[in-house]
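Report on one structure; see the data block that follows.
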Amino acid sequence: MKKIEAIIQPFKLEAVKEALHGISVQGMTVTEVKGFGRQKGLREVYRGMEYQVDFIPKVKIEVIAPDDKVETIVKTIMTAARTGRIGDGKIFVSPVAQVIRIRTGETGDAAI
Amino acid sequence: MKKIEAIIQPFKLEAVKEALHGISVQGMTVTEVKGFGRQKGLREVYRGMEYQVDFIPKVKIEVIAPDDKVETIVKTIMTAARTGRIGDGKIFVSPVAQVIRIRTGETGDAAI
Amino acid sequence: MKKIEAIIQPFKLEAVKEALHGISVQGMTVTEVKGFGRQKGLREVYRGMEYQVDFIPKVKIEVIAPDDKVETIVKTIMTAARTGRIGDGKIFVSPVAQVIRIRTGETGDAAI
Amino acid sequence: MNPANTAFVLVSAALVMLMTPGLALFYGGMVRGKNVLATIMQNFVLLAVIGVQWALVGYSLAFGPDVGGVVGSLEWLGLQGVGAEPFKAYSETIPHSTFMIFQAMFAIITAALITGAWAERMKFNAFLVFILLWSTLVYDPVAHWVWGDGGFLKGLGALDFAGGTVVHINAGAAALAAALVMGHREGYGKEAFIPHNLPMTILGAGLLWFGWFGFNAGSALAADGLAASAFVATHLATCAAVLSWLATEWLVRGKPTTLGAASGAVAGLVAVTPAAGFVGPMSALLIGLGAGVFCYLAVLAKVKLGYDDSLDVVGVHGVGGLWGALATGLFASKAVNDAGADGLFFGNPALLGIQAVAVLVTIVYSFVLSFVLLKVVDALLGLRVARDDEVAGLDLTEHQEAGYSL
Amino acid sequence: MNPANTAFVLVSAALVMLMTPGLALFYGGMVRGKNVLATIMQNFVLLAVIGVQWALVGYSLAFGPDVGGVVGSLEWLGLQGVGAEPFKAYSETIPHSTFMIFQAMFAIITAALITGAWAERMKFNAFLVFILLWSTLVYDPVAHWVWGDGGFLKGLGALDFAGGTVVHINAGAAALAAALVMGHREGYGKEAFIPHNLPMTILGAGLLWFGWFGFNAGSALAADGLAASAFVATHLATCAAVLSWLATEWLVRGKPTTLGAASGAVAGLVAVTPAAGFVGPMSALLIGLGAGVFCYLAVLAKVKLGYDDSLDVVGVHGVGGLWGALATGLFASKAVNDAGADGLFFGNPALLGIQAVAVLVTIVYSFVLSFVLLKVVDALLGLRVARDDEVAGLDLTEHQEAGYSL
Amino acid sequence: MNPANTAFVLVSAALVMLMTPGLALFYGGMVRGKNVLATIMQNFVLLAVIGVQWALVGYSLAFGPDVGGVVGSLEWLGLQGVGAEPFKAYSETIPHSTFMIFQAMFAIITAALITGAWAERMKFNAFLVFILLWSTLVYDPVAHWVWGDGGFLKGLGALDFAGGTVVHINAGAAALAAALVMGHREGYGKEAFIPHNLPMTILGAGLLWFGWFGFNAGSALAADGLAASAFVATHLATCAAVLSWLATEWLVRGKPTTLGAASGAVAGLVAVTPAAGFVGPMSALLIGLGAGVFCYLAVLAKVKLGYDDSLDVVGVHGVGGLWGALATGLFASKAVNDAGADGLFFGNPALLGIQAVAVLVTIVYSFVLSFVLLKVVDALLGLRVARDDEVAGLDLTEHQEAGYSL
């Protein structure tokens, strides 16, 4: 099993979710994060003082998936999250040793 | 060492924390997340418009632990977080290569 | 590639960011988390009732990096985040199998 | 000159002034967090924009010496001659300046009401230009017709105690034009547009209710039995509308909502506005009951009709004002106010006709002119922010600020 | 008829009306975020529910022509005969309708106060039924006893300027019954029940303080020296209670808290309410000093006694009102208001006894009847939401809304 | 005795009271979330602290029987003799106690204004000690000089209708001293100090604007043409200042901000305060226009000058008050208020000189004494919280609370 983490633009969440549903991925966990990268943050002005807000609000999607689905999922996220502009984000894939469903105690692929 | 991630119902956080203390796990990191899965979100109504809120507020607990403690920890979380209803959540276990305590520079199991 | 996760004191975020920029790490993702550990939370008092707030607000920094940079990054974070007091936090390093940049489709070290 | 009346109307003016910040919060809580400041700003800044416009030209156009029944002359430009002496045609017992500033607050809040229609997508500069034009070319004349000494709808015998026609129908018609001209918000029908802070909306509704006592009772321009009667009618209609909105909602959707309670309150306040000084307490209750049901259904109908009036200005102010104006034609009674008239239920069907004419004239004038003005401003400046800016939120893109940094 | 008095009481009525949204925020900030709307809703909706009840039956029961000293007759149902003419027994200088609407706001806020006792766990439908019964069967008679023309406690000589007995003790006794009948919130004693938004609570306290000037000074029913005296007493007692609450807290807990300042303010306002028009400024200071200490200790005692009065209605309104009613028996002085009486410290120990009787009668009546009514409603509808709903929060489960979507 | 005037001034006192919670929110929204309660607390608690100080000694020092033109005697300690009878030197038509409590609210808000200078770093106990000393040794005498019967600046002919000198310049000078003595906040110039909740700030500004009608129009102490004139001037100056602040900002920074609108409103309110009862509406507009520009530039200048006046008390209240006091010397006109004087533009250059003297005396006295008092309190208690506490936030470390637990 693998964990697929994607850092994407918040306004792309809806599209990515739909796309994943399209390939029968139902479960995922989403976190609001602050991204630092090439994309520059906006400037805010308060009483004449200007502040460069250096982080950008992003959304992190985590999906645990069986090894054989990883490629499809990664491709699907890529297509749905892409605008072609700086700041589109990244996808990271990492190994997962075990998965357990709390309700039933099922483990492995059955638990996903 | 392993990282144990558990996505649980927010109102079970207290119980899980207590249970982990009970087996001498003191350290953990908790994040508020939005879960998508089998469990259906509630409907909200605003001026007659109905919105299906498709995510469910969940809490993610991360515990880094030595390999030999992983099983006990997973079991403990399972027991404490379980209600038997859909939406109880998942536990993921994944490998960790190194741990460092910032304050002291200790590494490995000593740093946990 | 590796994922470096550091749980640090929120007021150290600025310093850590600067330090990482100093060694040319531009990209990172930051999450607000609640830490439980040795450090004791503050007491809050409401109408005479005292509550021990047992978690401490922390910040989690995630950086994906090529294997050869991991050591430098870990050291840099350690130095910048350290106050020497309990609660300084931890750094975890774990394996990452693949990285993809959504915008371009680049993978591996080129995508970081 | 009567100091008690002066005190009452000055305090009422302060109460009405507070309605605009109240409306800013009422609206601000209903938008998404990324647009909260832009929404609040479009209300708050109108205190200033229309405040100055009113002193320079607006008051003269609306209440100045009559020109052919349709508009005031320019004699009172810059408040010339508007001083401590009462102006008898409006009130013999309070300073002319007191009447003027009381009315200023009405001009301000009317413009502010419309902003709910285009919330979350209008450019700030285009908004400023449009609203200045609208206030000068639509609000000021309509106020003259209904309330100005010599105004033609007043001459006709149309009753509008505190602004059902001038304020609410007028704003509602403009809002409809705006919703049609501006089109849907990005994501309309696909994304959930969920109010980001309902306690803020409730606070706003509370301040509106509070300020509305100044609006309606203050419109008696004296601290007398009529003011008391208008105060009571205002309160009871509002109460009834809260209950009927909640009850309808409970039936239709299965739960009574907090936003429904706040919306019902505003609907009731709107509907009783034209009637406040002409109807008894039980009539006010009935007007309120009607308002809660009609406005709730109007809001539901919007979804069917498919226009995107973001914060339901049409459904609440347009429909509520319409119902109130007609209901005045039903429930008005000389027993309550003999300077008024009897309505249909008190034996005089003619009043209902007159009310209908006043309503119609206002709707047509306001809708058409608003439509044209919006098209003109769109051609000159563009009404909508860029798509990306709308996605990012107007707070950052129009004002370089963030509402919250918690 | 005196227009100045009319203006003063109408504005006061508006101020008192604002106290209910103020209370909604005061309470709303103190609950957890998942219950903010449900808490606010239970206050806001009472404006409407009791507003209508008052016009239909409540006013007649409380202030209508006396029936045996215990209740008003039904003669004024639907506000029949309550119009612009003054009703001399209550005031010769303001329209009867003005007095009626001023009193309406008192009936509303009293019901709203009680909601703090069952916050975070009561069903909305059961709440509506109970509160309607309570207002009709408890509030209206008690108001008649103390303030109604012919009321038996009034006849006894009990003093209650603006509602220490009628409003605060009455609400406090009902709250105690409610806390006992409803039991603890889920997680009581295990989880931290931390106020989710204290700035909201402070805002609420500020609006309450502001509105309370209408409550207390307005109760003079005239813009005269007595109103001024009540205004001053109100302010000074409140100031003193803030200081004494903070000081006690500072001693006991080591830090003065913002919630303590807000709570102290309310405690002071409560305690001075019965006394406001009968005591001088230095007496008011002392009453306030006492209120801060006694109410703070009462709140601490709750934890020991083990009942879950969520937002301390008993500790603040019950105990504060009790102290204020008795303190009126101590500090009242005919030099301040010769329509009143002298208290113990001014040579007349009898007053203290009379006050004690009034207090006792009210507590017993209100507690017992509230208890019974709650049990009845519990049997019919169930008072508490389901356990899961309580965990998920009442905003979602009772109203299908969320307070914030930031 | 005139009940209308009494009603008007009592209601005005309530409005001015509301300004302090309003200011608490205005300031509270501008600090970081970890300091929101501490900031609000320093305002809210002053209602109590200065409220009590005023009754015990402050009123007597400020308005009591004159001692050598510089201070009131102690004759009225504890409000002895301050009752329902009018005190002619201040007003023949309202109870003395009414005047006293109206003035109490001025003393409170003035102290509260200063707290913006040291926001996010001052210890609560040191704050209490300093502010009590300041109010007694600085505010009370200065109020006596300008408004007290026999005060020497009043004797000189200096005009200050509602407190440009006494309130705003006085607070601004103290704020400057505080910013200099206390030094920068931790992280100044490195971290972004971003307002955590701007809707809260806007709400505060709205309440300030509302309350300010009581402040300025109420200062007429009668519900007459003068009050109406002051009301109108207040509104127009504020409107103009909003527009000119926004316009300047738009030119300088490229976007008009919501915080700019709120700040401009306060700047306009400040500047018109001394002038409100002496100038006509068009003069008021010009005063407002100036205020928006000057205060905006003063705020920008702060950054250059390098002192850390956290919430711009100097830039807005100091500079705004200064401009307003001098502008009174320019625009005052006997045609508006013949108890006043003509200003430079109405043919009397002398007034400008007198105003300048009054301003100068106040600035020097307030700045020097504030500086000394701060140094004394610093030596005794320490003014600043510990570095770690400042980083953790004052809500937790000074009050053991958290503003939000969402």
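Observations, loosely collected:
In this document, chain identifiers A, B, C, D, E and F correspond to the written order of the chains, with residue numbering beginning at 1 in each.
Heads up, the rule we're going with is that a residue touches a chain if its C-beta (ideal position, glycine included) is under 8 Å from a C-beta of that chain, and two chains touch if they have at least 3 such contacts.
The structure presented is a predicted model; accordingly, all values stated were derived computationally and were not measured.
Chains that touch both chain E and chain F: C, D.
Touch-path distance (fewest steps) from chain A to chain E is 2. Between chain A and chain B, two chains of identical sequence, the interface residue sets overlap only in part, with shared numbers making up under half of the total.
Note on interfaces B-D and A-D: more C-beta pairs are in contact across B-D. Centroids built from CA atoms put chain F at 52 Å from chain B.
Rounded to a whole number, the gap between the C-alpha centres of chain D and chain E is 34 angstrom. Touching two or more other chains at once are residues 31, 44-46, 53, 94-95 of chain A.
Residues of chain D found to touch two or more other chains are 2-4, 7, 11, 194-195, 197, 203, 253, 255, 257, 259, 400-402, 404, 406.
Contacts between chains form some other arrangement here, matching none of path, ring, star or all-to-all. Counting only pairs that meet the touch rule, the chains in contact are A-B, A-C, A-D, A-F, B-C, B-D, B-E, C-E, C-F, D-E, D-F, E-F.
Those residues of chain D lying in contact with chain B across their complex are 192-195, 249, 252-253, 255, 257, 259-260, 263, 296, 299-300, 303, 312. Across the complex, chain A meets chain B through its residues 3, 17, 26-31, 64, 94-103, 105, 111-112.
Contact residues of chain F toward chain E in the complex are 1-4, 6-7, 10-11, 13-14, 17-18, 20-22, 24-25, 28, 36-38, 40-41, 44-45, 47-49, 51-52, 55, 78-79, 82-85, 94-95, 97-98, 100-101, 104, 124, 197, 200, 203, 395, 398-406.
Chain contact summary for the complex, chain E toward chain F: residues 2-5, 7-8, 11, 15, 32-33, 194-199, 202-203, 205-207, 209-210, 213-214, 217, 222-229, 231-232, 235-236, 238-240, 242-243, 246, 253-259, 261-262, 264-265, 281-282, 285, 404, 406. Interface residues of chain C, counted against chain E in their complex, comprise 44-51, 53.
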